[in-house]
């Protein structure tokens, strides 16, 4: 069962990931990216990270991608008439180089089976306890980061008086 | 039981895919999405390592990185929007005022 | 984490907190200000930054990890934080008249400057790779926005976009590096990494992660070959922001270099891997930065390349792996901050409203129309080129001295040769100002009192650091002592 | 192992069956309710021979009509996304109910079977996550139709949904703080306990403001009157204007299934879920020491499941009444309300709750 789900999620995820960069239309890319993100959430759940899996769906698929989709709709970018950017050789070279990098990295990963983990591994309580004990300072710093993002989004995107 | 390495390979493939996308695509929105893809790939690595090390610190890292990605996306989209308002295009090749 | 530890930690991070709160106050106050009373923003900013400066200086002493080893208060952090606060202070002075002239909404502008400064300070106090990443993101996102703040200028938006895409790209690589280190070592805390590393042999995975960290940080510091964003971004951003970017984020990136590599991954076994990389990067950076700077027609672009070159000089000192080298980095960053901010301030004045006058020819005859401005510009140019008795000379002296002492003769030699090359383009500015007639009767804009103050401060600072380099250098040495 | 899977599948099937039928039933109830309130007769034509069954055959007739109508995709539309959109709209509505417990744990054939499809540790976060996906249906429908009206409708709908999602999340967080769990079955169990020996600890007792905020924001999520700007039945052209046949039917059904979900969630979080006051696992235990009334296990379960069903139905009815009583907001009013009133109130509510919880524990 686990193996089946792993292969399902990873193959679909990788295929959709490739479609994100191959698709001509931003809308299509966005939908493929959402699919990849949902597949990743599935993989997280397989890695016993239930809470993070839910967060992945909630924030990435439910907020970030919605925002991107929203902007695509707002700009109303239709089917691009221009051919795909980058010449075919460039894509092939990039693909081959990418493959080499992945293979080289893959050789280095020699991690076998993972240890059995406690029942509450990856639960809300477990992650929350870590977040608010050990990692409380990063958590606080994130608030500054988000504040900056809010200010930035408002300042940059607001319509200016001519 | 799927070995952790498999997850890491998936993560590496996605990361490289995203990187290729950022470097080759010229559509601002798609470049932004490729960045998100890269961050997602990193998150998968964190989750896999967290499982391997039996340490929930990795989950916290993912939590933080997701938040960062959200902030980045908001700012990036605002920049794209402001460019589009004056230029009516999201193709980066038109952004060449500075190549003189 | 119990209450007392929390309180103690908060106390230790008071400088950062002060800066954040100042930013929030400005953001709130700005709502109630009219265009006549906008100077309140600057006043609040200066008061807050001075307060933070005092709080920072009071923190010297033994390293004290706080917040479950997420941050550390030590002399290195104090020195860097003081530098960052100095940058922010000078920025506020520089921007006071600039934001009015260019119609940039000042509340958000100063708030973002302060929040970016918070990011810098957290980089310098970070004791965990996660903190380094988040702090870098904080400052990066703030600077992306700052770069795009120039509302009427398309170039500003383009700069923001380019900076954003490549900045985020490098952040992703940096984060992947952290993930790899986390997986390989099971630990991301810079304070105990050394201990973890000493117990296990360095696995190839660790090295891959380390490489990614180097790439990510090199992007942020605009080190060749990861500099391609820098010239366009520096050119397109509002000039005051460009000044900020050449000083702040660059210094922060070096703070990260010191924290990560000299504190975290400093074991000899690993150092033999990363030292050659940095040596090559330094050589490339010095060569390309200086050579390309010669060909530029715009002074702003020339200064952009020159800032790349200066990052190369500072990198030279990183490979020495001793206190002298580390201290000379600190010294160099302070010196460069003063020179660069000063030079960019002159640029903002000469550029006029709308910012179109950056060509070398715009500086023709500046000596006759505005002799004082030409004089300080000459000082900064000489300082950047490394003439005595300026801060630039002392900085290069320490850096190359450290390189020679640790046996990196080639690096020192290349550094000195490229410095000589750099005289060509710095001198061109000076010649333009003094030897050429003014083309057309373009009156120099009124130089506001705050700008005069800033120019005076940076010029005096440049001279002081050049004539009495020992005072600051001893502080720098004291700051890095605990690392070795 | 095999039996477990079968049990889960049976439960899922039961829930889906109930959900879809209730959704269909609600289309009838809506029309009847509006007829009652407007002094009309309402649906009464569909019949088999002489039997009209109070118009109850209308949903069936509607279904047949939708399935047999021509499925039309406008020219220039993005075919794949145009087809995907209705599914994307219906899917979240169908899977949310998986974590809502509709009854206590049943002892059957020596097994303990919790009456809940999936007892997730992250229950509430799962609900947030899945419901945040609901917006895709509207966005994709609006964009893929190649019609400016539906595009604008999609933008209106999605910005409204995004805006009120925050208030929904924040208003539920108070409940999470009080019951100290994100697991819905734990929350329901804790609501069965008594305060001062006689008052059931239902969510509405501690979080009355959150209840109103939640229901209001959920209405906005659901895009029904008074928040029905995105589609506005007869006057406003909405995001699914280019949809016909069963694809339209799926949007339509999604709206009614979402009503059931909203009602189910409200009941679970604020009205004790399947808890019947003073009914324990062994039977009634009256407060103030007035004695007990032992009941067999099957009867207790039956009462509790029935209670849950009844509460959900009453909730749905309330939603119908609201829909036919209130006038429609203007668009700027919706945005103003969402960002400047609802959101702030939810934050204040959360802050107060957090402080009180901190002081009490």
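First chain written, first letter: the chains are A, B, C and D, and each begins at residue 1.
The working rule: contacts are C-beta pairs under 8 Å (C-beta built on N, C-alpha and C of every residue); 3 or more make two chains touch, one makes a residue touch a chain.
In this text, all values refer to a predicted model and were calculated from it rather than measured experimentally.
K.L.:
When the C-alpha atoms of chain A and chain C are each averaged to a single point, how far apart are the two points in Å?
P.N.:
Chain centroid spacing, chain A to chain C, equals 31 Å.
K.L.:
Indicate the whole-number Å distance between the mean C-alpha point of chain C and the mean C-alpha point of chain D.
P.N.:
54
K.L.:
Starting from the mean Cα coordinates of chain A and chain D, work out the distance between those two points in Å.
P.N.:
Chain centres of chain A and chain D, defined by C-alpha means, are spaced 29 Å apart.
K.L.:
Averaging over Cα atoms per chain, report the distance between chain B and chain D in Å.
P.N.:
Distance between chain centres: 34 Å.
K.L.:
Residues touching two or more other chains, restricted to chain B: which are they?
P.N.:
8, 18-19, 32, 48, 52, 57, 64, 68, 71-72, 75, 79-80, 82
K.L.:
Going by the contact rule already set, what residues in chain C reach two or more other chains?
P.N.:
130, 134, 137, 141, 144-145, 148, 160, 183
K.L.:
Find every residue in chain D that makes contact with two or more other chains and list them.
P.N.:
Expected reply: no residues.
K.L.:
Examine which chains touch each other and state the graph shape they make (line, ring, star, complete, other).
P.N.:
Shape = other; not a path, cycle, star or full graph.
K.L.:
Going by the touch definition at the top, which pairs of chains touch each other?
P.N.:
A-B, A-C, A-D, B-C
K.L.:
Write out the stretch or stretches of chain A touching chain B in their complex.
P.N.:
Of all residues in chain A, those touching chain B are 2-3, 6, 10, 13-14, 17-18, 20-21, 23, 26, 29-30, 33, 36-37, 40, 43-44, 46-49, 51-52, 55-56, 59-60, 63-65, 67-68, 71-72, 74-75, 77, 80, 82, 85-86, 90-91, 94-95, 98, 101-102, 105-106, 109-115, 117, 121-122, 126-127, 130-131, 134-135, 138-139, 142, 145-146, 148-150, 152-157, 159.
K.L.:
What residues on chain A touch chain D, complex-wise?
P.N.:
Those residues of chain A that touch chain D are 25, 27-28, 31, 34, 50-51, 53-55, 57-58, 61-63, 66, 69-70, 72-74, 76, 120, 123-124.
K.L.:
Using the touch rule from the top, collect the residues of chain C that touch chain A in their complex.
P.N.:
Chain C reaches chain A through residues 1, 6, 9, 13, 20, 27, 66-68, 70-71, 105, 108, 111-112, 115, 118-119, 122, 128, 130-131, 134-135, 137-138, 141-142, 144-145, 148-149, 151, 160, 183, 203-205, 208.
K.L.:
Could you list, by residue number, the parts of chain D that touch chain A in their complex?
P.N.:
Its residues touching chain A are 78, 81, 84, 120-122, 125-126, 128-130, 132-133, 135-136, 139-140, 142-144, 151, 154-155, 158-159, 162, 165, 182.
K.L.:
Can you list the residues on chain A that touch chain C in the complex?
P.N.:
105, 108-109, 111, 133-138, 141-142, 144-145, 147-149, 151-152, 155-156, 160
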